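Presented sequentially are two complexes of chain A, the first with chain B as partner and the second with chain C.
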Partner chain A sequence: MSHPTAQEQILDFVRGRYPQAEIDAAQDIFALGFVNSLFAMELVMHVEKTFGVTIPNEELRIDNFRTATAMAGLVARLSPTVAAA
Partner chain B sequence: MSLIGVIGAGVMGVGVAQNLAQTGHDVVLVDKDETTLSDALAAVARNTRMSRLMGGPALDVDEVLARITTAVGAAGAAKCDLVIENVTEDWETKRQVYETLDAACGPDTVFVVNTSAIPITKVGSVTARPDKVIGVHFMNPVPAKPAVELIPGVHTSEETVRRTRDLLTAMGKRSVDVKDSCGFISNRVLMLTVNEAAYLVHEGVADAESVDEVFRSCFGHPMGPLETADLIGVDTILYSVEVLYEHYADSKYRPCPLLKQMTDAGLHGRKSGRGFYTYATN
Partner chain C sequence: MTLVAPVPVQVVDRRSARAFVDAHVVPYADAYDRIGRVPEDLLRHVAAAGLWAPFLPPESGGAGMDLVTLGEVHEEVGRGCSSLRSLLTVHTMVAWTVQRWGTPEQRARWAPGLAAGTTLGAFCLSEPGAGSDTSAIATTAVEGGGGWVLDGVKKWTTGGQRADLFLVFARTAASIGAFLVPRSAPGVRVTPIEDMLGTRASMLAEISFDGVVLGPDALLGPSSGFTAGMVLTGTLDLGRYSVAAGSVGIVQACLEASAAYAACRRVGGRPLAELPLIQAKLSDMVTDARAARLLLAEAGRLKDAGDAGTIMATWIAKYFASTAAVRHAAEAVQIHGANGCSPDYPVARFYRDAKVMEIIEGSNEIQRITIAGQAERETTR
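So, the complex of A and B:
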């Protein structure tokens, strides 16, 4: 498995929560109009639990969670082995 | 800086304690058992960490936690100058807490009732200090919301209003004044809306996503009523609707059976991981 797997997994999670929206990996989910900042908190918990990483406080910025690509990039930075495994 | 008591370490108590601590207040957080308190501190730590992500200031988790001590039982707030009570919206529970607080606290301690529906004058009546009892309806998530409803009871003194307003200002909150009336402004309207939205799902007229979609996309609300119910807590919504129903003796507040069933089933919303929607929890 490679980098896109983390991205796909994250995308599945986002799509599962917002089945009515068409979301691709590059879509800014907070720009969709119906995703609020509370979902950002869920994304943090989901990413940490799924990929076994702890996101340091300085990385807890909304820009890291806007797209599945950005989140997968964050996972890759925090845990290269998980993302590339 | 004086010590502020926060009674009830549920969703609201956690938010109030965090808001107080991050604005430099020393807090004693009180609930009826140690497990609830340790879960509450974990929630404060988690929410404080997420502060910047949620549009708030970047916060030092250790600094915030260092300002919060905990105690089991309402008498743990005995040394506080002001107490903010956030227990379940159930009259019998609140009444017992106020009797304990009234006996334990000094005569000058102000009691702030954080309620979404219970009349403040009624709370004042079970204490020997109705002049020092005042209502503040905090919104959830507390640290993120810029305003509250401020509700003096019939006997609440000007001094109590002033002390409460000063604290709210220090917490970064504006207050909207409302006369004491069950449900105030917010919940007279919101609870009926959520209750009716639950009826739509209960009757199969539409699913939760569709109900919320209409509010977001057609009305421009940031959240729909059922997402809001999940955020507030489905059980809390039910209790609030029941309080309105009982107080006004008006059938328009009849609670939707779906809210009762979800409450019994433990589908309480975000805090339990599932309500009208399912959430990722940690």
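So, the complex of A and C:
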């Protein structure tokens, strides 16, 4: 069985929180209008815990979190081994 | 009148916290409530016991205490005195935020004093025109001259009369920023707020900032809108956790006071404790104290694991514990009859303090809206 990619795992998390929305990896989740600061915090915590990374302040830019693809890219920069998996 | 006992113990867990609170807080809390402040001696004892910010890592001067244990410690403090617990809460929020979002330089500058309690922190979000609706804050931080200029008025700042360092949320051009503002900065004015309903010794103040010039290093975290919301959410999350813990402490205090009173007070030749209606009240206190404690522990466990679920778990723990505190404080007064309305027993204080817990760190209404929002999402899954 193959492991889900970072992008798939992130997408699962977002979809789990907002099952009524149709979200793909390229979807700008902030443009959907339901992201509040609570969810933003949950998102950051989820990425940090799931991939064992610490996101430095300078990477905490909205562009890094707009889409599952962008978040997976961030994870890849912070932790190359995770990205390769 | 002596208001504190000598020789504090080091607080490292619930047991030592309980011993500290029984020795240094419980006997004097009613007096603090009456004089409307926590005396300096006790603040020093709290420092000597290592209680101000034990969760900070050792390199920042803390003890690396996990958050489950911190919750237990704040519960014990809340059992003794909600005013002192409130001071710990806002200090905790400031210390945690510096640790979580500060640059190495900001941490080096502020964390050791916050850990030692030589720098006391306070949290400034609410304003005369903005409470639940944080987006309505009118305090501004304008970038210029390589730093910031802060203008506005903050209200209901717990510990504001005494704090050395204010964590101030202000509107910036881009969004809302979190700023570290020393009390000593020119243009900062502190006006005490006296005679509140509850947590009367928590030294509330209105703080005005009149053209306060700050360096670039006053800003915590990057100034993008995305993170500003997160700094605030994270700070409030920890504050909510501490208030939940304090509320569990109030329920426990109500239980202990009521059980002791019911065992001694006799009506019709029998102790109150033998009357079924009184037993029903006591059993509900026992049950809710345990349930609230478990919700708190769950939220703490998720925090220690870095699990995003902690934020909702903390909302739920705070909602349950604060409403339980109000319910049981009312019943504790009831069990004490006229004595419960008098200054001779602590339950009148618990009753007044408990009400505050339903308003601060997200009022009951806001909690219900947030928790129901989650329920709606889960059921449409």
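The rule is short, and it goes like this: the second predicted complex is superposed on the first by the 81 of 85 C-alpha atoms of A that agree within 3 Å, B and C clash if a C-alpha of one lies under 4 Å from a C-alpha of the other, contacts with A are read in each partner's own complex, and residues count from 1 in each chain.
Here is the rule we go by: a residue touches a chain if its C-beta (ideal position, glycine included) is under 8 Å from a C-beta of that chain, and two chains touch if they have at least 3 such contacts.
The model shown is predicted, which means the values in this text are computed figures rather than measured ones.
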Checklist entry - Just chain B (first), just chain C (second), both, or neither: which does A:Pro19 touch? => result both
Checklist entry - After superposition on the shared chain, which partner residues are touched by A:Asn36: those of chain B (first), chain C (second), both, or neither? => result both
Checklist entry - Touch check for A:His46: first (chain B), second (chain C), both, or neither? => result both
Checklist entry - Can you list the residues of chain A that meet both chain B and chain C? => result 17, 19-20, 36-38, 40-46, 48-49, 57, 60-62, 65
Next on the checklist: Looking at the complex, which residues from chain A come into contact with chain B?
Outcome noted: 13, 17, 19-20, 33-34, 36-38, 40-46, 48-49, 57, 60-62, 65
Checklist entry - Hey, which residues of chain A end up touching chain C in the complex? => result 16-20, 36-38, 40-46, 48-49, 57-58, 60-62, 65
Checklist entry - Hey, which residues of chain B end up touching chain A in the complex? => result 49-50, 52-55, 58, 61, 141, 144, 209, 212-213, 216-217, 222-223, 231, 270, 277, 279-282
Checklist outcome for this item: The chain C residues in contact with chain A across the complex are 101, 103, 221-222, 224-227, 229-230, 232-234, 237, 305-311, 370, 377, 380-381
